[in-house]
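For clarity, chains are labelled A, B, C, D, E and F in written order, and residue numbers in each chain start from 1.
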Amino acid sequence: MKLSARSRLKGKIVEGKKGTTTAHGKIDIGGQIVTAAIPNESVDELKLAAGQSAYAVVKDSDVMVGVD
Amino acid sequence: MKLSARSRLKGKIVEGKKGTTTAHGKIDIGGQIVTAAIPNESVDELKLAAGQSAYAVVKDSDVMVGVD
Amino acid sequence: MKLSARSRLKGKIVEGKKGTTTAHGKIDIGGQIVTAAIPNESVDELKLAAGQSAYAVVKDSDVMVGVD
Amino acid sequence: MKLSARSRLKGKIVEGKKGTTTAHGKIDIGGQIVTAAIPNESVDELKLAAGQSAYAVVKDSDVMVGVD
Amino acid sequence: MKLSARSRLKGKIVEGKKGTTTAHGKIDIGGQIVTAAIPNESVDELKLAAGQSAYAVVKDSDVMVGVD
Amino acid sequence: MKLSARSRLKGKIVEGKKGTTTAHGKIDIGGQIVTAAIPNESVDELKLAAGQSAYAVVKDSDVMVGVD
């Protein structure tokens, strides 16, 4: 499926932890870390695991901009 | 201010366009593009402009994970 | 790409309007209407138009529950 | 209360599971499933339970559009 | 309708501006300002106008916490 | 870091509970309560605790408007 969310950052899953319902994971994007909170069931459906290639996908309106 | 949102990806603003109320911009994160939709007024407050260093900041629960 | 967002409701685009940067559209899901605010550029990339089949895709943490 | 979020899809709760803090549930919308992640406390406040009628409510900017 | 989103801050609309599709407004919550980006059509539906009482409503997972 | 998210409401943390991965907390904003769902790890990083001053920070597009 092609999606209206345009930020799709390719990286590698470096860490993951399931909670009772919500899993937290980290994706390394060229040396920078994106952290994601997704349902446990999505981890199972997509067979996500550390070491695997994956995309961090974000909707445009969910990206904030910061400056030092 | 230190923030609970943990994904803070450093990059460079490569494009920006103001709308009537909402601005759209692109940040290059090590060769991958993050697109952001933020208020025009935030562009003014932060003096954002193409060529400038900036962070794409995203809440953990706003990151989806995708696999090919 | 397979995605961690699990709500994917199939329907038909019944209305769309581009703004200066942000487009608004309506998708009919079996007689109920979902309204979406997405970037103009996504409308162009996905060649979205009224009359077309499309999915409304929503992250689990973006769904609220309401009762009468 | 009347709300600016315009997508209010009427359906029936078909499944629910509380976590330690976050509950996950499924609402059947005319045969299609919406999954929601909401606070345990909201489940208690609204007395949500499987079998009950409920609305899946989503903000316009939280709806993505996908095409095959 | 009762809603799973628990932050409902009562205040007064102090400013509003419609864009082509998206309106931006400010609500004064006891002397602090919340800014909202909502569809123009919601402004019309709810007949929102400066000077009016209104609630800023936010989903739990959309609230970040910051410290100095 | 200065951020494009403009709603920053100063208050005091009045309650907090960690889950397995996701923590829920309440911030008192001049007598009104904002509830937040953030990662456990952010609670640790920011050393958040009841009784402490903190900001509830919200992106403009995550604020809904409600009227009675």
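In this text, a residue touches a chain if its C-beta (ideal position, glycine included) is under 8 Å from a C-beta of that chain, and two chains touch if they have at least 3 such contacts.
Only a predicted model underlies this, so the values are computations on that prediction, with no experimental measurement involved.
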Intersection of the contact lists for chain D and chain E: C, F
Shared interface partners, meaning chains that touch chain B and chain E: C, F
Maximum centroid distance from chain F, chain identifier (CA atoms): C
Classification of the chain C:chain E interface as same or different, half of numbers criterion: different
Turn needed to bring chain A onto chain E - CA fit, degrees, nearest 5: 180
Interface copy of B-C among C-D, D-E or B-E, judged by whether over half of the contact pairs recur: B-E
For chain B paired with chain F, centre-to-centre distance based on mean C-alpha positions, whole Å: 21
Whole-Å separation of chain centres (CA-atom averages), chain C against chain F: 29
Chain A and chain B, separation of their C-alpha mean positions in angstrom: 16
Sites on chain E at which at least two other chains make contact: 1-6, 8, 19-20, 22, 24, 35-39, 41-42, 46, 55, 57, 59-62, 64-68
Every chain pair meeting the contact rule: A-B, A-C, A-D, A-F, B-C, B-E, B-F, C-D, C-E, D-E, D-F, E-F
List of chain F residues in touch with chain D within their complex: 17-20, 22-24, 35, 37, 61-62, 64-68
Chain F contact footprint on chain D (complex, rising order): 1-5, 19-22, 39, 41, 59, 61
Touch list for chain B against partner chain F, complex: 1-6, 8, 36-39, 41-43, 45-46, 55, 57, 60-61
Parts of chain A lying in touch with chain B, wherever the complex brings them together: 5-10, 13, 24-25, 27, 29-38, 42, 46-48, 52-68
